[in-house]
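Just dropping this structure here.
Going in written order, the chains are labelled A, B and C, and every chain counts its residues from 1.
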Amino acid sequence: MRLEIKGLTKRFGAFTANDSIDLTIEPGEIHCLLGENGAGKSTLMNMLYGLLEPTEGQILVDGEPVTFTSPSDAIDSGIGMVHQHFMLVPVFTVAENVMLGRERTRGLGVLNRKQAADTVRELSTRYGLSVDPHALVEDLPVGVQQRVEILKALSHDAKVLILDEPTAVLTPQEIDELMEIMRELKRRGTSIIFITHKLREVKAVGDSITVIRRGKVVGTVSPQASEAELAEMMVGRAVRLVVDKEPAQVGADVLSVKNLTVVDPRGHQAVKDVSFEARGGEVLGIAGVQGNGQTELIKALMGLIRPDAGVVALDGEDISRHGAREALDAGIGYVPEDRSHDGFVGAFSVRENLVLDLYRSDDFSRGLGLKLDAMADNARSRIEEFDIRTEGPETPVRALSGGNQQKVVVAREFSRPLKVLIAAQPTRGVDVGSIEFIHKRIIHERDQGTAVIIVSTELDEIYALSDRIAVMYDGRIVGVVSPDIAREDIGLMMAGASDEAEVNP
Amino acid sequence: MTETIAHPPESAGPGNKPVPPAESSRGPVTWLPTLVETLAAIVIALVLGALLVALSDPDTVETLPYLFSYPADFFSAAFDAVWSSYSALVQGSVGSWNRISTTLERSAPLICAGLGVSLAFRAGLFNIGAQGQMAVGFLVAGFIGFTYDLPPGLHTLVALAGGILGGALWGGIAGFLKARTGAHEVITTIMLNYLAVSILLYALGKEAFQREGSDNRQSPPVADSATFGSVADTHLGVLLAFAAAVGVWWLLERSTIGFEMRAVGANPEASRTAGMNVAKVFTLAMVVAGALAGLAGTMQVLGDQASISPTLAGTIGFDAITVALLGRATPLGTVLAGLLFGALSVGGVAMQASAGTPKELAAVLQALIVLFVAAPALVRGLTRQRATGGGSTVMAKGWGG
Amino acid sequence: MKKTARIAAVAAIAALSLSACGERPSDEPADTGSASESPSESESSPAAEEIDFKACMVSDSGGFDDKSFNQTSHDGLEAAAQNLGVQTGEVESQSDSEYGDNISALVDEGCNSVTTVGFLLGDATLEAAKANPDVDFSIVDFAYDKAPKNLKGLVFNTGEPSFQAGYLAAAASETGTVGTFGGLNIPTVTAFMEGFRLGVEHYNEQEGGDVKVLGWDGKDGSFTDDFEDKTKGQQVAEQMIGQGADIIFPVAGPAGLGGLQAAKDNNVKGIWVDTDGCVSTEYCDVLLTSVMKGMDVAVEEAITSSVNEEFNSELFVGTLENGGVGLAEVSDDVDPAVVEKLDELEQQIIAGELKVG
């Protein structure tokens, strides 16, 4: 199926989200749609999927103009979409989720589960997507849940599959698996529109790349284009993909962790006897595949989980029994891993979120009363300083793009003197321009003498920022290495295949 | 996933510079759609109510069999029935200062209890317990009011403080249980309602709460010295209700405590991560909510020298939930909704008294208004408003905790 | 919008089918002017000629549909409309704090007499009577020590017929155990229970029986703490039946219906209160009799005296003698000798020879 978009425009009042976009998806092609968060990719896809009505322009399927007033029109025309946030019912099985909305019944309204399971099995063998049709979705890892979404689309005979930021939630391994699936789908003749802002992925899997900026197509290029070229097209200016940094001026141990053990609510030891030091003026990167204890480790450092054993000492004082309030007051800055869950209050304005953990300070309150003017001044200067793209200080943070939401969190945490900065996945789901900015600020903080701990599942990020790298596997630190170690070696350590290595640069 | 629909992405806006701060996002623009929706809901409810009035009016029904031969009979009968009912409703609720004053007095406890429910909503708690908190409030306030002999003014203050503290205690229990054990506040507040009613019945069975020489479950009236003073025939409890609304507004929007409550209500995880003590906030929110309901209960006895009886609270504690929902859990909205419900209640009596309209009609009107407010899509469909997006229901959070 | 259209269509069809057989009563001009004046009474045909008098009533928070004293009192108002041709007005209260407002709303409507129902309205009624000397007030189930001349209390000596009922229950019991329970421990309820208890005791003295009363000992007993919840009434009655009671005397309004249900389920007998249970309930076959409290009669009399300008503030006490209270017809299953004895008791009570409560 050949999908053409001609002069598609979408306006919200005076604001033009998509400005006469032209795009052609050839049959059996992986077409990457590259653009920063907020460039208009989602608006375009929502029109293509019948969720939004175009203001102007045409969509053509195999040369025939079509109008979609609802997703079911789009599905009938052979368009499938996997949203960034999955639309699955957690307590249903895979087969039930796949048949959801088009339940087949045997007489008397009895659901034909067997047929649904057969469909799932048939599709998963055909496309090499291994999924157990009877597993409950809530028990499945994120990567597999995504496969269920893909299966759901395929079961509707999708000829063009839209994948909206599919890699944002995946581990490096799962990303590799997804790319394999995409290639397999392509071999079977399914076209894919792959929306992302990660240059590496685009180059790895794309057949052609269309870059969108501020609602307009900047150009369509081949995957041979260099990352720097693509980044420049996306952002509209030359972007430095490597973080500029001087060698670290390493100071004294600021935070020292000894024999820390954390037991999660299910009684499983998530962090096992971990010891390390974070030193002033240095970035310690904690690498590891998601779910190997990093989350619990930093929550324990922040006083959000009570450790079972061990000592966390800040400037020699044990803070392992402190709560979050004390940890923050002691001078630890924290950028949580899941920003919308832990990092900000979506319904709150930018102004309010920028003081979410500072409102009790004398700067922003007097007695019980909040100093609204001080909060507003603070918001204006942070918005300026951190280049937060928002309508104004009163815009709710949930209305911002992911990158700008993260900038709000970062701006807040960086707006007071810190001894230690703990940043988990500081650039997950953040666009290239913002990544560059956030990285720069982290290094700036390091250069002020702050001890910085970065937790990331993205090796690129670990390499770009760290002065030392600790690798976590199965709740333990399996080695502390210098950043000049080869990618493959760290990969092996992350997979738990390496001997304990202690390399002190 | 379609947030871009309601909020066009900013970074695609003109220029790299941050857009100059637009004050408008807090201004009328954001709540205007909900105001229009609410008014539309009220109008639709009145229209349906008119239909019910017409069809329950015997004279109108009599004309039905020959509707097509003499349609004018039907319409004039129906019009007369509806006109007499609704004019009684308006006359009876705001037709004279005397009526307005009654409406204000009737609204005051609804507003206070509604504020309690609203405040708890904002902290992410679904407070079903206003009824019980009121009962404890008027039990304490009334007891102080008829038992002790204190100088006027002081007596009122002591009784008032007692009532508020009683309600605060009762609300606080639910908050404390939630904070300490995670017990869901919907369950605990319902149970505490039963408990409060039982305590009330028990107390009224004791000599100390009964009139001398009577075994009836009715206390003596509170002493003159304990009642609220009145200005222009309106007791000062009405002023207290408005003051409470301003206080709640200040607390929520201008204080650190309110900041915490709203943060915890919107995202408890992020609040905890930001160092807030979520358990403390839950407890405090329920204490304040209970205090407001306690104030509502206090008005029932100190307002016009009443006595305590098992059914003194009527259904105010439950109507308060509706008032809070209708007011979208904002202080101003709660005041307006409370006034509306007060007017419907007072006007409903006038409809019964002069037009013979059953009291259920006032209740049906209230229910219809809330129904249409809760189903904005339906109202939009009926009035053909364009979808404005950005729903504004306050319900969702309450059950989550 | 489609839905509205559909509703309209249904309504139109309904109207059409009605109109097919309908004919306008030609002799009666459409009198829409009085449409709102007396809505509830318009169906009753042989009504007395309308007179210029408005009789009004305020319920307590139970409402006029409480199948109990509000409803019975309201029957009195309707009877007055029927027999005297008075116009009526009424307000149902929702909360105890409304009583004053509701009474004045009716006074504002030009009511000539206002009847309030229940002791909870005692204060509000007294206040209204003082403020409106031109309006005659009466109140069901409440007596004042000193009432203004336009206020009349209507109370009922329900202990008298309950005494008879107790005697009847004791005589009819095969197990030697009878049970009673109330809605709340308040005088208007316990008067029945005490009379019942004394009646049983009287039987024991006279006939040398040893019949026990469950649920009331003269001071305290079994209460549902609720006049609405039939389940509670049923539970209490089931317990008593479990303890051997074979006659149940529930004094708990609609909640008492649960007691009769329990009696039916367990094949024992019951005695109803306030109204004739053979008329007002579906349990006639389990009833021995009913203790009737003539609130409707009293209310109608109060209105009549007001219409005739004979109103006085003297307390009305319904007794066996004046017919304000009484026993309903006794079931055929009861030994005629016992029925005779009941008549004898009535004479003794009227003569003041027996202490009934």
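In the analysis below, contacts are C-beta pairs under 8 Å (C-beta built on N, C-alpha and C of every residue); 3 or more make two chains touch, one makes a residue touch a chain.
What you see is a predicted model; the values in this text were computed from it and never measured.
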Contact-linked chain groups that survive once chain B is dropped from view: A | C
Distance-maximising chain from chain C - centres being C-alpha averages: A
Middle chain, criterion being Cα centroid separation: B
Whole-Å gap separating chain B and chain C, where each centre is the average of the chain's CA atoms: 34
Distance between chain centroids, defined by C-alpha means - chain A, chain C (Å): 72
Centre-to-centre distance between chain B and chain A (centres being mean Cα positions), rounded to whole Å: 43
Chain B residues counted as touching two or more neighbouring chains: none
Junction residues of chain A - those touching two or more other chains: none
Chain B-touching residues of chain A, taken from the complex the two chains share: 12-13, 15, 17, 36-40, 42-43, 46, 51-52, 83-85, 87, 164, 214-215, 302, 304, 323-325, 327-329, 334, 336, 341-348, 352, 356-357, 359-360, 365, 368-370, 372, 380, 383-384, 387-395, 398-401, 403-404
In the complex with chain B, residue positions of chain C that touch it: 1, 4, 15-16, 18-19, 21-24, 30-33, 35-40, 42-43, 56, 60-61, 63, 89-92, 94-98, 100-102, 105-106, 108-109, 119-120, 122-123, 184-188, 190, 225
In the complex, chain B residues that touch chain C: 57-60, 63-70, 73, 76-77, 80-81, 84-85, 92, 102, 106, 109, 198, 201, 205, 214-218, 221, 300, 303-304, 306-307, 309-316, 345-346, 349-350, 352-357, 359, 381-382, 384
Chain A partner contacts - residues on chain B that touch it in the complex: 1-13, 16, 18-23, 25-26, 254-257, 259, 262-263, 266-267, 269-277
